[in-house]
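Below: a set of structures, written as structure tokens.
In the two complexes that follow, chain A is the common piece, with chain B as its partner first and chain C second.
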Partner chain A sequence: MAKILMVQPSKCASCRNCELACSFAHEGVFNPNKSRVHALVWERLGLGVPLMCMHCDDAPCVEVCMTGALHRDEEANGVLWDKDKCIGCKLCISACPFGNASYDSETKSVIKCDLCGGDPECVKFCPNEAIEYKEADKGMLTKKAMYAEKFKKIFEEVE
Partner chain B sequence: MMSSYQNKILRVNLTNGTASMEPLNTKYAKDFIGGRGLGTKMYCEEVGPNVDPLSPDNNMYLVTGPLTGTMAPSAGRYMVITRGPLTGTIACSNSGGYFGSEMKYAGYDVVVIEGKAEKPVYIWINNDKVEIRPADHIWGKEVPDTTDLLKEETDEMAKVACIGPGGENLSKIACIMNEMNRAAGRTGVGAVMGSKNLKGIVVRGTNPVHVPDGEKFMAAIQEARKALLEHPVTGTGLATYGTQILINILDQSGGLPVRNFRDSGTVEWADKTSGEFMIEHKNLVRNKGCFSCVMRCGRVTRTFKPYAGFGEGPEYEAGWGFGADCGVKDIDAICQANFRCNELGLDAISMPCTIACAMELYENGYLPNEDAGCDLRFGNASILADLVTKTAYREDIGDILAEGSYRLAEKYGHPELSMSVKKQELPAYEPRTLQGMGLNYATNNRGGCHVRGYMTAPEILGIPVKLDPAVTEGKAGVCKAFQDLTGAVDASGFCLFTTFAIGADIIANVVSAATGIEYSPDELLKAGERIWNLERLFNMACGFTSKDDTLPQRLLQEPQKNGSYKGSVNRLHEMLPEYYQLRGWDQAGVPTKDKMVELGLEDAFAQMLGAVEAASAKNN
Partner chain C sequence: MEIIIDGKKVEAQYGETILEAAKRNDVYIPTLCHSEALPGLATCRLCMVEIVENGVTKRVASCSYPIQSEIEVVTDNEKLRRIRKTLLKLYYTMAPNSEMIRKLMEQQDVREFNRCKVDTENKCTLCGLCVKACETMGTNAIYTVFRGAAKKVGTPFDEPSEPCIGCGACASVCPTNAIEYLEENGTRAIWGKTFKMVQCKACGKYFATEEEIAYLYQKLGDDIDIKKCETCRKKANANRFIAAIKAEGF
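Let's turn to the complex of A and B:
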């Protein structure tokens, strides 16, 4: 079974090592603004939620992409971006329901998680195991549903 | 050459309403690294001694280290440097969270704040755009509301450092809070900000921080990360229990100060206030880390009726302060009082210690009932949160509590009951048990404080080696080494807690890889020694002498009441002369010219001599 990225906000220590590791791996600098993952922090609650591209099976960014630059890659079990095919229309950014894609106008690149070729840096550097890259068995999906419920509550509160 | 410095300083003058940028002085950066070192150097050059801490002439420096904003583990810190109203010494106070790294991403190593605004203002730093905005509508608000409002007005992703009512009302124990719960806590830096009519600093940065050689840097930090994650204290202990794990350790070692150090050594209910108990009692919600942290010692906590609340902390020293030092055994009351310190912007060490001092004054009949306004006896859990609130607003007894324990005890005719050094309250380690910690307190450049040379590590925890706490022999050398290392750590951006697991070799390696300046471990320690001596010279120029290198009389003369070191006193006189000698100072604790030349501090030395001479001429 293919691996997927899983986030567990209740474990997130809000340290943002994921952002640092991601920006360094992709950009060679430390800059959370250019990270593919963000640990969003509710300061009053002391709560962090790491979010990155969820690599949707039925991905709106892939749907909207006219050139096939954004495509589903079966081997990686994820949504990948092909720079050569990209025309920079940025529709993918509007299409993503989570805000998990952005655009770097300096390098003319879509900034989006690429799973680091199967060995995600954010996972390696998370000290609290809040981000994991694991096979999605049934047990995990149950867990996921549990956390989705928490997300739902939190977002309701915030909105 | 590319380095992790941003090579830029932002200078904001609140009197003129101007903001300007200037390059970082690379010579200062090399000699003093950053943070505490660079800030002290800039303060000494630009302001000098004897400025009234609460006057517009007292500049405030917010200084990051070269590691701040990088992925060096647990190294996202910034330091506030100014002259402190509590002590009159160089004040510098360190904080984690995100604020320091955000400053770096906005493009600045240092933010200097000069002058005084006519009306309440806040500073909005959005990369290279800087505005001074009115803050009348926020003045008076507590820290969480201030933080939220400032973010709403600027950018939700921005980071906020601000004062609460404590700083606004110029409490000498007020701190600067960032991300609501992280504090530049000690020495009264919040009052300096309040005296400038500055409610907060909001910063948003989207620039990169570079390192000269990515591969080399990652190799250096991997070594540090591995050491931190594998160490029992930094890898598991702090993440699981937070610093409150120390309550039981100090209690069992006979080193727990109790009831304003009156009944010290141990107390039978200490475990009911411990980090372990906070888990059992379900106070702990989750742990939390500052930016780039791998140790994650922060506590998100809740409390239950009748002290219900939600917030962060306490750290060991605050937990001990409101707990054992005030004779209070109710963990919910302790946590709630700590929450109030954070919300109101008061130092959660000096605050409880000042209350503990008031309690002893009250029990001894020196502080009358009509002034107290409540039952101020040791152990009264129900008054803690209220006293914190009264202090922040300077209401009733709070007006004098806001001045700290020394001025409080002096007012009631018994300054000897203030458990302070240089008027700053001593934290949670009993010097009659920990002899070396006593020496560190006495010689500390910012007064009573545990984070400038943590002798508890060898004397209690056995890090890096176990030393008998009761022995004075050899402590002077260890104390000096710890103080010098801490100076360098505080300059680098690293959190001091990293030194439980990593030493000068790894730290020097990481700092070298970030800055591109090669520091050997010896050079790193030398920089720390330079920082320590510069602080000393500054204090002496302000009139401090070896007479101030002492401990409260109680700790030197009154035998300790309880625990395994019952009957002991601190034997400072057995350590201090050797300490001066190892420092290269004369018998009166004055740095010698030779030593100052060796450290490249000739100018500061001459400035100190000039100031001392001028003061003595004035007195004659």
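Let's turn to the complex of A and C:
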């Protein structure tokens, strides 16, 4: 079974270790701007939401990419970006409905979660297991679908 | 199948290019116009290698020559070096201020070349990557126009091109950074066309041109929502999480 990234905002302590671990692993610098994951923090509520690429099954970024630089990788069970195939049109960044991709004009790179080749750094450095990388078994997927359904209802109310 | 690159036996697949096989086996071949995203241009000729196929020695552009039999490849010898040097000297007269050309000259040990007229203003080597990028995007806004010494890259009749969406892919793929674009005061200017940029509904940042947004809607359908910049979209997404947590107590 393929693994998936799971985020639990109620467990996030807003320490932002994930951001630093991510930018260091990918760019060699401790710069949250270059991180693939961002923890958005609500200090008064004591909540934090670590957000990264959702690796959508039906990803708009993949659909809009004309060269196949952004592609669904079955082995990694995610959406991956191939630097060699990217021509820098940056349309994927506008296409992402969740704003989870950005562009680094310095290195001409799309900054987007690549699951660290199957061993995500953010997961390793998260002290509270707010980000987990788990086998997606049937029970969990059912649970996820249930949450998604609830979420959808709430989103509709919010908007 | 097995081919020989610089005396070393390496595995190669039928139909792949020599450059691909070389890259996979960590053999360096200099290139200027090569991009994996836009293969098959073969205009710069810097990737020239010598091959022996069926007993015949010939020099081919490794980026576009498909491997069809068990050939022997030499990537560096006196003759090839001379070809590369001559090419780089000519590229120097075309684009003397380009960083990429300078880097390749240094690497191939080529000194400045002043026997021909040197065009200090120009940076374009007419490799055609930008044209191919634009074609790949499906916009077809730029072409190589004129032939011979007057050849250049441009829009039809040098007028602002209607299909151009201002994405800047051409500028991004250009190996010599010859294509300039300017972003200021909510506009982006490229190829003589000035684009009005769309402002983020939430923070006011200018994040894409109107034409880019129209292109996205055309590609992805109307049910996607691109009114905010990526940062604000992310915030909106996090807000939804928080709203859900508050409502349901996840």
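The rule we apply is simple: the second predicted complex is superposed on the first by the 141 of 159 C-alpha atoms of A that agree within 3 Å, B and C clash if a C-alpha of one lies under 4 Å from a C-alpha of the other, contacts with A are read in each partner's own complex, and residues count from 1 in each chain.
Assume contacts are C-beta pairs under 8 Å (C-beta built on N, C-alpha and C of every residue); 3 or more make two chains touch, one makes a residue touch a chain.
Note that this is a predicted model, so its numbers are computed, not measured.
S.K.: Based on the shared chain A superposition, would you classify chain B and chain C as clashing or fitting together?
M.R.: fit
S.K.: Between chain C and chain B, which one touches more residues of chain A when both complexes sit on the common chain A?
M.R.: Answer, by number of touched residues of chain A: C.
S.K.: According to the stated criteria, A:10 is in contact with first (chain B), second (chain C), both, or neither; which is it?
M.R.: In the superposition, A:10 contacts both chain B and chain C.
S.K.: Based on the superposed arrangement, let me know which partner A:21 touches: chain B (first), chain C (second), both, or neither?
M.R.: Once the two structures are laid over each other on A, A:21 reaches chain B alone.
S.K.: Have a look at where A:32 lands relative to chain B and chain C in the superposition and call it first, second, both or neither.
M.R.: first
S.K.: Taking CA centres, what is the chain B/chain A/chain C angle in steps of 10 degrees?
M.R.: Apex at chain A; the opening toward chain B and chain C is 120 degrees.
S.K.: Between chain B and chain C, what minimal C-alpha to C-alpha distance in angstrom results from the superposition?
M.R.: Distance of closest C-alpha approach: 8 Å.
S.K.: Which chain A residues come up in both lists, the one for chain B and the one for chain C?
M.R.: 10, 45, 47
S.K.: Which bits of chain B are touching chain A when the two form their complex?
M.R.: Chain B residues touching chain A: 69-71, 73, 98, 105, 144, 147-148, 179-181, 205-211, 214, 218, 229, 239, 285-294, 296, 298, 300, 312.
S.K.: Mind listing the chain A positions that touch chain C in their complex?
M.R.: Touch list, chain A to chain C: 8-10, 38, 40, 42, 45, 47, 49, 51, 60, 63-64, 66-67, 69, 82, 84-91, 93-102, 108, 147, 150-151, 154-155, 157-158.
S.K.: Touching residues of chain C toward chain A in the complex: what are they?
M.R.: Residues 35-38, 133, 136-138, 167-169, 171-173, 207-208, 212-213, 215-216, 219-220, 224-226, 228-248, 250.
S.K.: Within the complex, which stretch of chain A touches chain B?
M.R.: Against chain B, the touching part of chain A is residues 10-11, 13-17, 20-21, 23-24, 27-34, 41, 43-48, 125, 127-128.
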